[in-house]
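What follows is chain A paired twice: with chain B in the first complex and chain C in the second.
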Partner chain A sequence: MARMKFLCDADRCIECNACVTACKNEHEVPWGINRRRVVTLNDGKPGERSVSMACMHCTDAPCAAVCPVNCFYTTADAVVLHSKDICIGCGYCFYACPFGAPQYPRVGNFGSRGKMDKCTYCSGGPEPDLSVAEYEKYGSNRLAEGKLPLCAEMCSTKALLAGDGEMIAEIYKQRVIKRGYGSGAWGWKTAYRETVAI
Partner chain B sequence: MGQDQKDQLGRRQFFRALGGGTVAAAAGMASPISVTEAQAYDPGTDETRSRYRLTDEVKAFYRTNGYETLQNSTNAGKK
Partner chain C sequence: MLTKRKSGEASRTKHQAVAAGLAAGVLDRRGFLKKSGLTAGALAAAGTIQLGSVRQARAAGSSATAPDVQIKKNVCTHCSVGCTVTAEVVNGVWVGQEPSYASPINRGTHCAKGAAIRELVSSDRRLKYPMKLVGGQWQRVSWEQAIEEIGDKLGAIREKNGADSVYWLGSAKFTNEAAYLMRKFGAFWGTNSVDHQARICHSTTVAGVANTWGYGAQTNSYNDIRNAKTMIILGGNPAEAHPISMQHVLSGKEINRANMIVIDPRFTRTAAHATEYVRIRSGTDIPVVWGILWHVFQNGWEDKEFISQRVYAMDDVRKEVAKWTPEEVERVSGVPGEQLRRVAEKFAKEKPATLIWCMGATQHTVGTANVRALCILCLATGNVGKPGTGANIFRGHTNVQGATDLGLDVTSLPLYYGLVEGGWRHWARVWDVPYEWLQSRFDEVPAVAGRKARSRKENMEAPGITSTRWFDAVNLPPEQIDQRSPIKAFMVFGHGGNTVTRLPEAIEGMNKLELLVVADPHPTTFAALDARQDNTYLLPICTSLEMEGSRTASNRSLQWGEQIVKPAFESKNDYEVLYLLAKKLGFAETLFKNIKVENNVPSAEDLLREINRGGWSTGYCGQSPERLKAHMRNQHKFDLITLRAPKDDPEVGGDYYGLPWPCWGKPELRHPGSAILYNTSLHVKDGGSTFRARFGTERNGQTLLAEDSFTKDSDLTDGYPEFTFGVFKKLGWDKDLTADELATILKIGGDKPDTVSWATDLSGGIQRVCLDHGVIPFGNGKARANAWNLPDPVPVHREPVYSPRPDLVAKYPTRPDERQFRMPNIGLSVQKAAVERNVARDFPIILTSGRLVEYEGGGEETRSNPWLAELQQDMFVEINTGDAADRGIKDGSWVWVTGAENSSKAKVKALVTDRVGKGVAFMPFHFSGWYDGKDMRDYYPKGTDPVVLGESVNSVTTYGFDPVTGMQETKCTLCQIKAA
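Moving on, here comes the complex of A and B:
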């Protein structure tokens, strides 16, 4: 069974934010919510790197572990989704998530957060596939249409990879081997030269 | 000990007795059968089934993303 994963090639990301824009447009995400964002480290300095971040659909998701109403579930594609009908907007998942993925529309009075919203890996929610209710709550369901998340498909520099974890790992591995440099270069001999005994 | 303090102790004892009685009543009413564990939300097998398919579009994505390095690879998802 294929496990869906995101992988951002930081050596290729140019911080164009096309993935962010594509996500907002595809799912008609309201103001104030970004399901995906680009984080830049050492901005303006030598060694600057940008990484496109969203929900990483963890195997043992901490958001699901802390949810008091258990609104999270994991699909057979290893995508972590949640039910907005059950979510109470408590914010626990936001504090638990190491990637800052859960977002809140803050539509109510007195500081209430509203229903949590996050990346769905373009695979909708618990409503029937490709239904109006699913689109209104969770956005489009591209996975059911036989497509991959639009953020990755839109990436002009092919930095953001999505799809079967084994396949994108193979693509990234081949890239790193071809480059032959960087902390992410594959293999012990890359890290410790030829002198290391494996 | 003043009259106010006596009243205060009386009130505390009253609530202590009330709380103890409530706990005892609740313990008596509850049975192990009625205890249920929290269950994770389960939308059903239909909604959690796999939707990923190796369609032509997905193959094209893999091919274009790995075009530099996977041209000679057999598992590059070429058409």
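Moving on, here comes the complex of A and C:
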């Protein structure tokens, strides 16, 4: 099986936010919940760079490690998902996540936040693939249709790559060799405990 | 831990799930939100989001188990790149959007706007039914009542004040067919005051470029930028305005390790990816371009062979450029000479090099001159007419190129036929109406204030009033307006009200109008900012995604868009509304003589066929609806870089994608279109061409025809003039015409058959025979470095009307006061007064405006889309860290921006950043709905207010118009900023 990962090429990302609205479009995610967002460093200064951030579907995900009710699970494609039926909205995962991925419908303490929501790598949740119940709780399941996450598919400059980790690392590697520069696979060390060696 | 099941159910698609949900009545947006556990707090936090009136999506019957997913393709409306939008439709409901990998233009991708475009068709913020103002209150009316009342009022106003008292404003989001129809409608109504957004974005490009080498359009394509080894982006921020173009720009930069030079007053998101960033003072583009050319000429880097073969009067430019020494350039623009030397050397020597520009170059009082200078830079270095070179002009809407081509312009008829008798007679023949009848529709203009009277014929040939100044034509004393009456009625189709400068005066104009009709998917600023009480109508128009027709992208490719879903709510498409109005006004039968109309909706195909029958001048004759539809079916066959399909393909063999104009001859001729203009290395049948010989054959003893330069395998191996039947006879080529072609030419020519030209021959015979001889119908001329018919034949620097450098105004004043487009342009008087009043002391900060990636244009449509609105919730001003510190302004705090005219002021948030230099401020132009610090949300009809409102930058913009096109100055005025 593939090991699904995200890779954002910061030298290509132009902060156009297509990934953010593609996600909203695909899953009808409401106002205030952002499964994906773009972060810009050195805004307005030489060296300005942007990266598109969402749940990175970490190896040994810290969210899962801290969850008191074990609502997280990892699929055969190494995608980290969770069950909203089990989630109690405690917010521990939010504190554990190095990428700020978990989102909650309400601001508050402990159980008052509501069910956690996050990027599903466009692959739904524990309900049967492509069922109405799955769509209602987690949005669509593109992976089950043989498609990749829409954010990456629609990325304006093909900065955001999604797919098998080895394949996207190879694409990125070729790109860096061709153009002669690259600021690295941002977040990979934290999420996957490896980098893309060039 | 749970384990995800992976079953063999992958053949079921999400649409089955969605459709099942639809049938069960559980899956509208609200249902999803509720079930996903995300409703309450998120929406409460949003505050302004109401979900009450989401259109209920219903699937018919119980076909939930096997829904029929239809794929429909249309084109994104938010810029000119021409991204294909692929929609999945189930039972008439647009349920999903998929990447359009087959499109050679966007290759699956979108920007924030394109990726959110599905929201537009079901937006609960849309105008849902016709409305009118009664005593200051919005009331729902029926379409019948609205058309009836509007028609009666138009008739009465016309009777009393004449045809020119009604202004017709069209849209760059129109399809080609709708743009053409509205221009034709204007002609039948009897006015030339028919305009659209090109006026305020690239009118100066069209004028400047066409006056240099023939046609006013991008010479190459977005895809072709991949071939460039050097690119200069001047006055453009494609990373926000045209994000998908950046895919090609950055690929080119990476693959060729190309130089990417960004010249801009602001360190834009595009500049963040540049190899070199040049910061200039806003409004000094000509000094900078001449400063680059100074180094080119000084070092002999110019392309001497190209200049001698294909350029007229480059020596005149040398004289002007000689004045722009590095010291003077730095004094005026602030750019060090050494940096420009580096830029010059790269642009001239690391070829092919392309020049990309946008509204930073065009929206100035010297817009046309700026564009001319940019073209001259391409010419001097031989960077035009080859792959990887050219003037890559990025336009702003889906179809701003097409709407310009099809004549939504106050100076021309469709496809740039002039407002002269020959042009009118040409279209009268195509439209099958008597020329005399058209003439009878126009006003006679009496002699006023020392100006001569105009007969109907003279008025028919006089350019109309530009959209940048429609309100001046309402507000000014009647004797200053050179037509029968000031403007009394304003018909606005698909156009924001906050997009013109001097908003306080525009609002005064709105208040004075006797009739205001807004035909748009949204109410727009026109509905919310004025104090009107009556005689105001809102007509709900569907979006472009809900109608079919062709759209011309910036690279001149035409793409056929399908209707994705039927018009939402009670909205109608532009074709139908224009038909209903024509019917009410009594000229529907003649207007639609050769166009099929079904259920009040005219056929887009038939409209395009009529365009094909008359569109010879610009090569809009070969793009039949059948050919365009075949291109959409075969998108995947076109090459990413050349845009060409393999020659052996049965349907689209050898064609360039979208048959980029000019596409010569009748469709049957199967001309492939012209991917790169003025490219002599190709045969004309392969899309080759020369510079256009449209300015005569000789001037001051110098030839205006090309020398030793011609297209591949041309029968004529030197320059030649444009082709007429007379020229054909001299060459003996008249014998190559068929009997039918000859008969048509003789019929058109009457007693002067020799004058029938490649542009007026309705048989297409002249073009066909030209192609067989390997020559280009419009002649083989030189591009003009000196355009003697323009106000500044060789561009010269002129300080902005509101200059931050009063010390330079005496040496570089703006152009003298003059009458243009039926009105006075008093730029010089305003400039003098500003210097005398010492405006630069009281308003020390340069104010410039531009785009954000999330919004488009006036912004009503995109600010109504919650997926976009969430990303930009506040109107802001970018202010330099130093300027902010001087004023005690903190990032994120409220400030007042005050303008130099009308005691204007705007309350916005401060974004403190070094993106703008010291003494410069930037504001985005998409906001509206606040005025003078006041929230005007209640003025919108209930439920149609955009999610995000804010103060318009144009509240504080000022006077200043380009003398050639009436373009407004939006990029350089003065302001003051203080903490609120």
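Details
By our rule, the second predicted complex is superposed on the first by the 176 of 198 C-alpha atoms of A that agree within 3 Å, B and C clash if a C-alpha of one lies under 4 Å from a C-alpha of the other, contacts with A are read in each partner's own complex, and residues count from 1 in each chain.
Methods note: contacts are C-beta pairs under 8 Å (C-beta built on N, C-alpha and C of every residue); 3 or more make two chains touch, one makes a residue touch a chain.
Note that the structure is predicted; figures quoted are calculated from it, not measured.
By the touch criterion defined above, A:A2 lies against chain B but remains apart from chain C after alignment on the C-alpha atoms of chain A.
Of the two partner chains placed by the overlay, chain B and chain C both lie in contact with A:K178. When the shared chain is aligned, chain B and chain C each come close enough to touch A:D129.
Between chain B and chain C, it is C that contacts the larger number of residues in chain A. Contacts of A:A18 after superposition: chain C is touched, whereas chain B is not reached. Contacts of A:L161 after superposition on the shared chain: chain B is touched, whereas chain C is not.
Within the superposed three-chain model, A:Y73 lies in touch with chain B and with chain C [touch as defined at top].
In the superposition on chain A, A:G146 makes contact with both chain B and chain C. By the touch criterion stated above, A:I88 is placed in contact with neither chain B nor chain C. 64, 70, 72-76, 83, 126, 129, 141, 144, 146, 153, 158, 175, 178 are the residues of chain A that lie in the contact sets of both chain B and chain C, per the superposition on chain A.
For chain A in complex with chain C, the touching residues are 11-12, 14-22, 24-26, 28-34, 43-50, 64, 70, 72-76, 79, 81, 83-84, 104-107, 114-115, 117, 126, 128-132, 134-142, 144-146, 150, 153-158, 175, 178-180. Those residues of chain B that touch chain A in the complex are listed here as 38-43, 47-55, 57-58, 61-62, 64-66, 68-70, 73, 75, 77.
Interface residues of chain A, counted against chain B in their complex, comprise 1-2, 4, 64, 69-77, 82-83, 86, 123, 126, 129, 141, 143-144, 146-148, 152-153, 158, 161-164, 167-168, 170-171, 174-175, 177-178.
Touching chain A in their complex are the following residues of chain C: 1-7, 9-10, 12-14, 16-18, 20-21, 24, 26-27, 29, 31-33, 35-43, 45-46, 49, 96-97, 99, 108-116, 118-119, 239-240, 243-244, 246-247, 250, 253-255, 257, 267, 269-270, 272-273, 277, 853-854, 866-868, 870-871, 878, 913-915.
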